[in-house]
Amino acid sequence: MKELVCIVCPKGCRLHVDEENNYSVTGNSCPRGAEYGHNEIKNPTRVLTSTVRLEGGLYRRCPVKTNKAVPKRLLMDIMQALNSVSLKAPVQAGQVVLPHVCGTDADVIVTKNL
Amino acid sequence: MTYDLIVVGGGPAGLAAACSAWEKGLKHILIVERDKELGGILNQCIHNGFGLHRFKEELTGPEYAGRFIKMLGDTGVEVMLDTMVLEINARHEVHVISAAKGYEVLEAKSIVLAMGCRERTRGAIGIPGDRPAGVFTAGSAQRYLNMEGYMVGKRVVILGSGDIGLIMARRMTLEGAKVLACVELMPYSGGLMRNIVQCLQDWDIPLYLSHTITDIVATNGRVSHVTVHKLDENRQPIPGTNLEFDCDTVLLSVGLIPENELTRAAGIEMDPRTNGAYVFENMETSVPGIFACGNVVHVHDLVDYVSAESERAGAAAAAYVLGGAPAGDALTVKNGADVGYTVPQRIRVSNVPKAADVFFRVRRVFKNSVIEVKAGDQLLISYKREHMAPGEMEHILLPRKLLDGVSASEITVSAKEA
Amino acid sequence: MKYDVCIIGCGVIGAAAAFELSKYDCSVLILEKENDVAMGSSRANSAIIHAGYDPKPGTLMARLNVEGNAMAEQLCKDLSVPFARIGSLVLAFSEEEEATIRMLYDRGVANGVPGLRIIDAAEIREMEPQVSKEARAALYAPSAGIITPWEYTLAFAETAVRNGAKLVLNAPVTGIRALSDGGYKLATPKVDFEAAYVINAAGVHSGEIHEMVAAKTFTVMPNRGEYYVMDKAECFRANHVLFQCPNQDGKGVLVTPTMDHNLLVGPNAVGVEDGDRVNNTAEGMAFVREKASKSVPGINYRNAIRNFAGIRANTDKDEFQISIAADRFIDLAGIKSPGLSSAPAIALEAVRLLNQCGFAPDKKAHPITTREKKRFRYMNDEERREAIRENPLYGRVICRCETVTEGEIVDAIHSPIPPCSVDGVKRRAGSGMGRCQGGFCGPRIVDILARELKLDPMEITQDGVGSQLLLAETKREVTE
């Protein structure tokens, strides 16, 4: 049994997730909480936001993000992968920087026109 | 030429106000922005979580700003970048300077103030100790990191658990720094639960509630050590509870202050509770034709609410220019028990469309509770809440019907356990 | 080369002496241990030009304070240093303190302080509506003034440099040896220097310098004082420098407006071992708040924008240590309060002592004695238009709190004593002095410094050596 605080809304319900019983959730006050608890223990994912090098732009870094949530355990690997990227201005929001980053189905994309 | 509207500031508030004023029919609109680009502080807020209310999706700061910049591009609104407003006055003159055009005095039929806010500093909270390099506000460190590409430190202690501090804990960690602790003076965090989980807990960064930094020590001009103490109920350090951290950096996330130097100098009435201007239901200040919106009025947690508030201000500026000043007596909105302030502070009932938006913050954490709106002892309306906290701005709608029935000159908003 | 005169220390005393000597036909070397001038007591003090009723009649302190005060106005006009003769009040809260201010009045009259008056409670109220109702009487000294102390130091030092004086920064004197042909060899970590005459203006370290050439005659007892700087919104709390009666701990906690329209509150007075450590303490800050509330009860500390602490070079003697300490070696040592007020008079004293040692160079025909400085924030609209026309960088505001433009910052970076740090720019241009304390402009100043000095931003320091702001670059491991 794992315990965590729900972050779906500000209420902060204390969820209990039973890993041995198909990750069933108790302590939630709404279905969204149940879904959050289930996923958060079974396969926690996050959207990663960071920057990459940019040459010739207004600033020296360009903001990027994964276009969908990626497994939490891969965040540092993706950060490492971003070190090898260097863009040249101009760049457009939405432009793909690293497709299928670290073997996931997510692309790293630019989030600002620079 | 006289502008219909000059908007001071091209961040999220200014962008939304200008777009909405255009939509309501104003033709000669100017945004004056001191930075080299539009978007304001959103440009350095590269994390996601913006726009859930507004666009029903999670955007990063630059993406959220990008949506409004795109909308603005479809209008005829003029923009002056790299231009600083030095003075505004009740005659609706706006003094600006820029390297490109020098010193100019512009005239406008209406003005929207959208200057945003600034961070509280070490000096404002009086942290004892040496005064070396390595003490940064979280926002300055964020700019260095996300826009300039520099790390301000490698071993970091964060004071304050506001959202910017939490976001920076994660960003610094991702970029290879060791964040040793997040230290919060209050017994509860000032940040969103989501940020506590994803920015601290994900990275095993301890959060010390009811603690503060009591000493900063320097070696060779840079932070080398901080001491943290637990606080008693009077917020005094408890001897013997010290935690010692060897670190090179202290980040401060200890609050935001609306930036109202222009507002004060223009003689606009200020509310000491918000550090912003007193505003009416349509975001108009005490000076007719000058409106204010966003963090310059009161500090918001969500940019989505800034946009909504600013659209009301922009629309009101358009109505002012096109149709003249609203008339009618104003009802004063007062903050009652456990409510820190309200925005607006004054409602001209005859100018309220279907309902008046009222925003406020409670002074402590509430579980099942009610918000009560009263005129004297008479309860006008109440709203149930399962959860309220000072870190989360509350919002209620006061129906016009209800307001029409109020004969008193003031109403009070208060909070209590249900 | 052998210099005629070497001045050790470029605080306000060393700088004033250098300025005075640079008007003469002689070569002047100034050795400063820090990376900028005014890095010790001169930058962290009450910023007051005292009237001169405090020191005992007959002392050097009494004479030089009153002389220095009289000189300040014209000097500040000529050298473009912010100064205002706003007058001071010493408040008396008891019968005993009324006796003290009468004693100070008598001293002041003996010292030649102009215009002193004892005023009653009603007049205090009229002059200072925010002062505590408990104040029964006050000593009014119209000649007291406020000044920007680091600017005073910079003005002297820059003008000396423009007159040909050589300033070497990052050069702590580690040893002094008498030369057989007269004069001295001064060792610093990098280079040794030679000079025929030496002036010891080393502030809190003046005892150590003295003892490199002479037997110990005084002991420096560093004394730390802590302050609050308040937002401009609090400036209305005081129209004059508001002192309390002096006691064994010094002149007591004062409340005063500053030249930048902030309010300054402090100091306490605590003897410390380490004359270079200027930390704030919770006790010191609480002490200042409590004592200041006796004079001005309403100060709102939520409007604080900065704390700082300074060190006074107090000694075991109740007097400046100004004398010929050894052959061709002059002490301007143990200069505590009223050192800032006395500085230009102390410089004249230094020249007299050099004359006594047999060094009497001729005056230069046309020494530089003026200095101009553009301050955008104090210009009227027409001057602003003109400044931007001349240099468009005056149209770009970098420090929004204090309205400091890129033009002023670039001018400062290329001034006679170029700053190498963010705080060095701050002391010259005023950027970062305001309510956001450099939160917004800091990164931009780093940028401009790096650009103008052709340095990597990671080399830019906050202040002294070692105080780099940026510790690493992100995304370094680019594999090409």
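Here the chain labels run A, B and C in written order, and each chain numbers its own residues starting at 1.
By our rule, a residue touches a chain if its C-beta (ideal position, glycine included) is under 8 Å from a C-beta of that chain, and two chains touch if they have at least 3 such contacts.
For clarity, every value in this text was computed on a predicted model and none was experimentally measured.
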Chain pair with more C-beta contacts, A-C versus A-B: A-B
Chain separated most widely from chain C, comparing mean CA positions: A
Approximate Å spacing (C-alpha centroids) for the pair chain B, chain C: 38
Rounded Å distance between chain A and chain B, as computed from the means of their C-alpha atoms: 26
Chain A and chain C, separation of their C-alpha mean positions in angstrom: 53
Per-residue overlap in chain B, given as positions that touch at least 2 other chains: 145, 148-149, 175
Residues of chain A engaged with two or more neighbouring chains: 51, 53, 61
Two or more partner chains touched - positions in chain C: 474-475
In the complex with chain B, residue positions of chain C that touch it: 228-229, 277-282, 284-285, 301-302, 304-308, 381, 384-385, 388-389, 392-397, 400-401, 403, 406, 435-440, 442-443, 447, 457-458, 461-475
Partner chain C, residues of chain B touching it in the complex: 34, 82, 84, 86, 95, 97-103, 118-119, 121-124, 126, 128-134, 137, 139-140, 143-145, 148-154, 175-176, 214, 217, 220-222, 237, 248-249, 261
Interfacial residue positions of chain A with respect to chain B in the complex: 4-7, 9-12, 29, 46-51, 53, 58-61, 63, 65, 72, 75-76, 79, 93, 111-113
Chain B - residues contacting chain A, complex: 36-37, 43, 46-48, 58, 60-63, 66, 145-149, 174-175, 192-194, 196-198, 202, 386-387, 389, 392
Chain A-facing residues of chain C, complex: 474-479
